[in-house]
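What follows is subunit A paired twice: with subunit B in the first complex and subunit C in the second.
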Partner chain A sequence: MQSSRRDFLKLAGVSALGLSAGTLGFLGEGARAADALPTATDFAKPSTAKRWAMVIDTAKFDDALFKKCIDACHSNHNVPEIEGKQQIKWIWTEDFEGAFPTERPAYLAEEQEHRKYLLLCNHCENPACVRVCPTKATFKNNEGLVIMDYHRCIGCRYCMAGCPYGARSFNFQDPAPHIKNINLQYPHRTRGVVEKCTFCVEKLAQGKLPLCVEASGGAMVFGDLTDPNSEVRKVLKHKYAIRRKPDVGTEPGVFYII
Partner chain B sequence: MIEKALKGSPRYFGALMAFLAVMGIGAGFYLVQLNKGLTITGLSRDVSWGFYIAQFTYMVGVAASAVMLVLPYYFHHYKAYSKMIIMGEFLAIAAVIMCLGFIVIDIGQPQRMLNVLIFSTPNSVLFWDMVVLNGYLILNVVIGWTSLMAYWKRQTPPAWVKPLVYTSIIWAFSIHTVTAFLYAGLPGRHYWLTAILAARFLSSAFCSGPAILLLMTLLISKVTKFDPGKEAVKTLSTTITYAMCVNVFFFFLEVFTAFYSGMPGHKDPILFLFTGYEGHTYMTPFMWTAAAFALTSLFLLVPPKWRENRDVLVPALILLVIGTWIDKGMGLIAAGFTPNPFEKVTEYLPTGPELMIALMIYAVGGFVLTVLWKIALEVRAEVEGGL
Partner chain C sequence: MYNAKFIIPGLIIFIGLALFPFIKGAGQPELKVETEKPKEAKECVLPKEKIRDVHMVLLNEWRDDVIRNGKRVYTSENGKQYNMSLTNTCMGCHENKDKFCDKCHNEVGVNPYCWNCHNTSPVKKEGEK
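Then we have the complex of A and B:
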C-alpha cells in the first residue's frame, strides 16, 4: 500500500506539473518559473534506499550557509514567512541547549557552545507522529521517509504533541498570502493542516538530493543508512556523531557531527 | 415522552433561551474562527493544544463520573440512588456531547472530520477515543431513555438493558482511561509521561463529576419539588470526599517522584506550574488557587458533621470543582507543552474568542441537560403524583 501511495504521489506530481506548465505562460513574471519543468523521464531513475538518513557536519556551518540551506528549502517548498509563535518552519537553527536538551550541556567547549545547529524533521525510524496520527495523513514510506498527505490531515495536531523534536508546524491561517514568490512546481498547503520537512521526497523521486543538502556544499551528506558504501555510512565510520534526544526511542535519521 | 420538553414554566424556557443566546454569541465567534482559522486562538507552534482540548478532557471526566452512581445502584442494589441515577446518566449524555463539540471546534479541518472513520487507524489513541466516546454516548442514551420509558409506563425495564448497564460501567472507566492514554503515551512530554496519569484522571473525574452532579441536583431541588433523598446526598458526598483524597494523594505521588528523583524532565513542568519557569509565571496564580481550593475543600468535606451540613457542603463542592477544573482544564495541557521540546517557554493563555467558542459548547451542554432533566423530572412527577 505504501509503495502504491508513492507511485500515486509521483503520478500526481507529474500531472500537476503538466498543469502548471500549461498556466505558466500567461501567468508571466508574477510566478517564478524555476528550472526546466521535470518531465516523466525525470522520474524514470529515482534515488532509492532502504532507510534514508542525513549527516550534518555542524562545524562547517556559518550564518550564510544556514541561510542558504534554509532559503533553498523554504523558497522551493512554499513555506510561508509568518512572524511570531504561529510561524511555520521546516528547517531552522537552535543553540546547543535547544537542539540537544537531554545532553544537559554544562561547561560546554566554547566552540560548540557558540555554534548553531540546523534542525529539521528527523525522519525517525519509530516516528511518534505516525503512531498518533488518526488518519494516516502522516505515514512512513518503505524508504524510511516520514511524509504527509496534506489532503487527508484533519488538523487535530496530535502529531505536534507527539513529536518530541518540535519538527512540525500548523497552518493556523491560509499560507498563500505569506509566500513571497510562489513556486508553481510545488504545491502550497491549505489552512488547518500540519506540515513539515519531507526530506525532499519529490527530489529523490527524480534521482536528486534534498535541496538543503545540495545547498550545503558538502556540509551535509545524505544516503542510505543500511548501505555500508553510502555517503552517510562513510562519514559516520570516521566521525563521532550524535542524534537528538536518543532517550525517547524514536531512532532519528539525522546525525550531527559535533 | 419527548413532548414533556415542549411544555414548561417560564423559568424553564427562560433557561433555554439563555443557553440559546450564549450559543448564538459563541457561534458568531466560531464563524470568525471558520473564516480566519485557529489564528484567533492563543495557540502556537509550541503549545498546539489548549483550552478546547483541556475542556474536552475535563468533560470526559464528568461523563465518566456517572458510574459512581450506576455502579452501586446496579451492582450493589443501592436503592437510595434510584432518583439520582437518571440524572447521572443524562448528565453523562450532555457531557459526552460537549466532549465531541470541543473536539470539533479544535480541529483545523472540521469538514474532514470523518477521515477518522474512513481511514480508521487503530494505532492512534485518538481513533479509540472517538470509538469509546461515541459508544458511551449511545449506551447512555439507550439505557437512560429505555429505563425512563419503562418507568413512565410503570413497567420493569426490558431484560436486555441489564447487560448494557454492566457494559456501560466498564465503558465509563474506559473513556477516561483512553483519554489519559492520549497524553500518557507521548515521548518527550514529561508531565504526561507518567504511568499514573490514567489513575489521576479517574480519581479527579470521580470527585469532580459527582460534585457537579450533586451541586446541580441540589440546585434543582431548590427550584422544583424534586428531592434526591437525604441518604443519596450523604452517600454521594462521601464518595466525592474519598475520590478527592485519592486525587490529592496521586498528585503528591507525582511530586515525590519528580523531586526525590530530581530529574529535570519531571521537575520542570511542575516547577513551571507552581513557581514559574525561566521567569514565566503566568500559570502560578491559577495553580496556587487550585491547590488552596483543593485542600480547603478536603478540610471541609472530611469531617462528617460538616459534610452533612448543606451550608458547608455546597461551598466545599464549589471549591472542589474549581480546583479540579484549574488542574485539568488549564494546568494539565499547559504543563504538557511547557517547557517545549527546546526547553523554552512559549506562553499560552486562551483568547477572548477562544473562551467564547468554548462557552458555546458549554451552552450546548447546558441546553441538552436542561431538556433531558426536565423530561426526567416530569416523568417522575407524573408517575409518583407530584414527587
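Then we have the complex of A and C:
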C-alpha cells in the first residue's frame, strides 16, 4: 500500500496522543493499591540525623511537579481541601515576593521573578512556634524536627502568630468532610487544633524519604545538615542557596537554590 | 430536734433515692457485653484481662512514646514486636469499631475522642462501613 506523507503524519499524531494519554491521566490512573499495614519490622531501620534539612532547586520546578509534590503530601496526610481563609496547607506555592519578602533585589531577573516557590514548614533551629506554645504541644525533637502533638494542642494559635513563615493552619471546622479520599492509615485532625508539615517523621522512622522529596524526582534533596557527606551538604557546597527571612533569626532548615 | 417532721421523712426519701440503683440492680444477672473478637488474630499485645483493664493507659503511653520520644516499636510480654499504632495495629485486628470498641464504651457511658482523628478499619476498602 502506498502511503503518503500526510497519512504517515496522521498516524504519528494519533500514536503520540495515545502515548501521552497515560501521563495526562484521562485514561484514568490505576486505583491506588492499598498499602500494607506498617508492622514493627518496617521501623527496624530508621533514618536518623542530628539536624534534618532540605534543599529545593527552584529552577527544576514547573506547575506539574508542584502539583505532584503537593498531592503526594496532602493526599497521604489527609490534608483537607478548603477554599478561602480557612484553608489548611502543609506545602504550598508562592511567588518571589511572598516567599522572600526580605530579599529586595532591584531589577530582579525576570525568570526568578515569575517563578513559583514551593513553601513548607522550615523546621527551624530556633523555632518561634516552640517558644510560644503554652502547652508544649509543639516541640523540637532531637533530630531537629519541629513536631506537633495534636493531642496536647489547645488551639490557642500562639504558634501561628509566632511563625514568621505562615506555615501553620488552624482547623476552624471538622476537616473530615473536606478530605476526598481518606488515607485510613494516617489520622486526620479534629476541629480546634493547629496543624503543619512534619517533614514526614513517620516515613523517616521507616527509613524512607519525605513524600514530597520522593515525588520531586531530584528537585528536592533531603539529608543531615551536620554531616558534611550528606546529600544536602553536597548540594550546598556547589550551589548558592538562600533561606526565607534570615533576619528573624530562626535558622530555617529549608534552603532554596535560586 | 427542730423540724423533725420534715427532716426525718426527707432523710428517708434521700436514702431511698440514693439506694434505688442498688435495690433495683439486686438479683439481676451480671452485665455481659458481647464484643466481636478479631477473626484472624489470636493474641493481643497484652493478656486479655490486662488489656481490658489498662488499654487506655497503654494507648496513652504509646501516644507519648511515638510522638514525643520517637519510639515506635512495642515489645510485648512474650517478646513479640508491634508497631505502636491505634489505627494500624489495634484497628488492624479489631476491624469493626461499632461491634468491638463501642459495645463497652456505650455500656459504661464513656466517650473517648480517639476516633475524631484516628480512622477506623485501615484494612477495609473505601466506602465500606
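Going forward, the second predicted complex is superposed on the first by the 222 of 258 C-alpha atoms of A that agree within 3 Å, B and C clash if a C-alpha of one lies under 4 Å from a C-alpha of the other, contacts with A are read in each partner's own complex, and residues count from 1 in each chain.
We adopt the following convention: a contact is a pair of C-beta atoms (placed from the backbone, for glycine too) under 8 Å apart; a residue touches a chain by one contact, two chains touch by 3 or more.
Quantities reported herein were computed from a predicted structural model and do not represent experimental measurements.
For the composite obtained by overlaying on subunit A, subunit B and subunit C can both be accommodated side by side without a clash.
When the two complexes are overlaid on their common chain A, residue A:37 makes contact with subunit C while staying clear of subunit B. In the superposition on chain A, A:205 makes contact with subunit C only, while subunit B stays out of contact range.
Partner contacting the larger number of subunit A residues, of subunit B and subunit C: B.
Of the two partner chains placed around the shared chain by superposition, subunit C is the only one that A:182 touches, whereas subunit B remains out of contact. When the shared chain is aligned, subunit B comes close enough to touch A:156, but subunit C does not. Look at A:132: by the touch rule set out above, it reaches subunit B but stays clear of subunit C.
Think of it this way: put the two complexes on top of each other by chain A, and the tightest Cα contact between subunit B and subunit C is 12 Å. Taken together, the two complexes place residues 190 of subunit A in contact with subunit B and also with subunit C. Of all the residues in subunit B, the ones that touch subunit A in their complex are 36-39, 41, 43-46, 48-49, 103, 106-110, 112-113, 115-116, 118-119, 121, 123-127, 130, 182-183, 185-189, 264, 336-337, 340-344, 346. Chain contact summary for the complex, subunit A toward subunit B: residues 84-89, 94, 97-99, 101, 104, 128, 131-137, 152-158, 160-166, 169-174, 190-194, 245, 248-250. Residue ranges on subunit A touching subunit C, taken from their complex, read 34, 37-44, 139, 141-143, 147, 149-151, 181-190, 201, 205. Across the interface of their complex, subunit A is touched by residues 63, 67-68, 70, 72-74, 81-83, 85, 87-89, 92, 113, 116-126 of subunit C.
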